[in-house]
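After this come two complexes, each holding chain A, first together with chain B and then together with chain C.
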Partner chain A sequence: MEYKKVCFMYRNKDYTMDGIRSALGLAVENMYAYGVVLDNEIPALDENQQESIEMLRDMEGEVYSTVQANVDKSGFEAITIEELGEKLREMTNIVPYGIK
Partner chain B sequence: MAKSLGIFVTNPDNFRHVMGITKAAKAKGSKVKVFFTWTGTHCAKKEAEFPALCKLADDVSICLDSYGKQGYDRNDVPAGLEPSKMATQAQHGAIIEDYDCYISL
Partner chain C sequence: MKILNVYRSEPDATTKKLVEIVTRDREADSFKLNVDAPDYDKLVDKIFAADQTICWW
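Moving on, here comes the complex of A and B:
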């Protein structure tokens, strides 16, 4: 069976944490789920939020960011726009989460 | 065979597009499922046409956790929706897994 690969893209600060929760929901449904925090620096994650990301990683998902401050504060994996472009080619679905 | 379309809604300002796309897809014989999450759940309480969408689409569900976090009483089921359709992100998974076409609004 071929599993779906889904990448969420978060460009709106107000939607980022819920979008990560949504990615976790898909991972629970047996999909490879990834999130990318684009452009914005978001507040450091609290314990529950860190736990959600650890659960996502346990299911072979990941949260990336193009912003170094998010990498430093919250342990997201660093990714450049070019690397993201390459990664998106592997995906079966790309979800722009919360465009406003 | 008619195609199927899943619509994932996070933006509360896009309801008119949800209705328009659903009408067009149904007119072409497509099966349509709509799932509202996070601030998209406001549509269930604030859009007068939400009950009409529930009748028009084959399946409409909302994320119960998001609905609660947006300030609504979890037991206050929006008009047009069955209580069992107040559900989890598994509904989003079902759209991605089981539907031919997918759109995020």
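Moving on, here comes the complex of A and C:
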């Protein structure tokens, strides 16, 4: 069985956590789900938000960021725009999430 | 694989770079929603003709 791979991209910090929860929802539905925080430094995650990301990781998903502050503060995996582009080539679905 | 890029706003440098990488060595089409009176019938045709549709911000 071939599983779908979905990548969400978040460019508006108001939608980031909502979008991460959407990625988690797809992971629960047996899809490989990833999220990428672009452009913005978001506030440090609280315990519930960290737990959501840990659940996503448990299901082989991941949250990345192109912003180093998010990597340092929230433990996201660092990614460059070029690396993200290459990753998107592997995806079944690509979701630029929320409004910019 | 044929990719349809739908733009809700004018693509900036980041979006252009991602589109460039994603569509490299692949067939690509585009449709702009940020114009007056988009031709939605045409959009539907393009979606059905594509293997993957990405609706950018």
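To be clear about the criterion, the second predicted complex is superposed on the first by the 99 of 100 C-alpha atoms of A that agree within 3 Å, B and C clash if a C-alpha of one lies under 4 Å from a C-alpha of the other, contacts with A are read in each partner's own complex, and residues count from 1 in each chain.
Here is the rule we use: a contact is a pair of C-beta atoms (placed from the backbone, for glycine too) under 8 Å apart; a residue touches a chain by one contact, two chains touch by 3 or more.
These figures come from a predicted structure and were not determined experimentally.
The superposed arrangement places chain B and chain C next to each other on chain A without a clash.
Judged by the touch definition given at the top, the superposed model places A:99 against both chain B and chain C.
Of the two partner chains, chain C is the only one that A:82 touches; chain B does not reach it. After superposing the two complexes on chain A, the angle subtended at the C-alpha centre of chain A by the centres of chain B and chain C comes to 60 degrees, rounded to the nearest 10. In the overlay built on the shared chain, the residue A:18 is in contact with chain B alone; chain C does not reach it.
Of the two partner chains placed by superposition, A:54 touches none, neither chain B nor chain C. When the shared chain is aligned, chain B comes close enough to touch A:6, but chain C does not. Contacts of A:26 after superposition on the shared chain: chain B is touched, whereas chain C is not.
Of the two partners chain B and chain C, it is B that touches the larger number of chain A residues.
When the shared chain is aligned, chain C comes close enough to touch A:38, but chain B does not.
Contact with neither chain B nor chain C is seen for A:90 once the two complexes are overlaid on the shared chain. Nearest C-alpha atoms belonging to chain B and chain C sit 6 Å apart in the superposition, given in whole angstrom. Shared interface residues of chain A (contacting chain B in one complex, chain C in the other): 92-93, 96, 98-100. The touching residues of chain C, when paired with chain A in their complex, are 8-9, 14-15, 17-18, 20-22, 24, 52, 54-57.
For chain A in complex with chain B, the touching residues are 4, 6, 14-15, 18-19, 21-22, 24-26, 28-31, 92-93, 95-100. Against chain C, in their complex, chain A makes its touches with residues 11, 38-39, 81-82, 84-86, 88-89, 92-94, 96, 98-100. Listing the residues of chain B that touch chain A in their complex gives 8, 10-11, 13, 37-39, 65-66, 69, 88-90, 92-94, 96-97, 102, 104.
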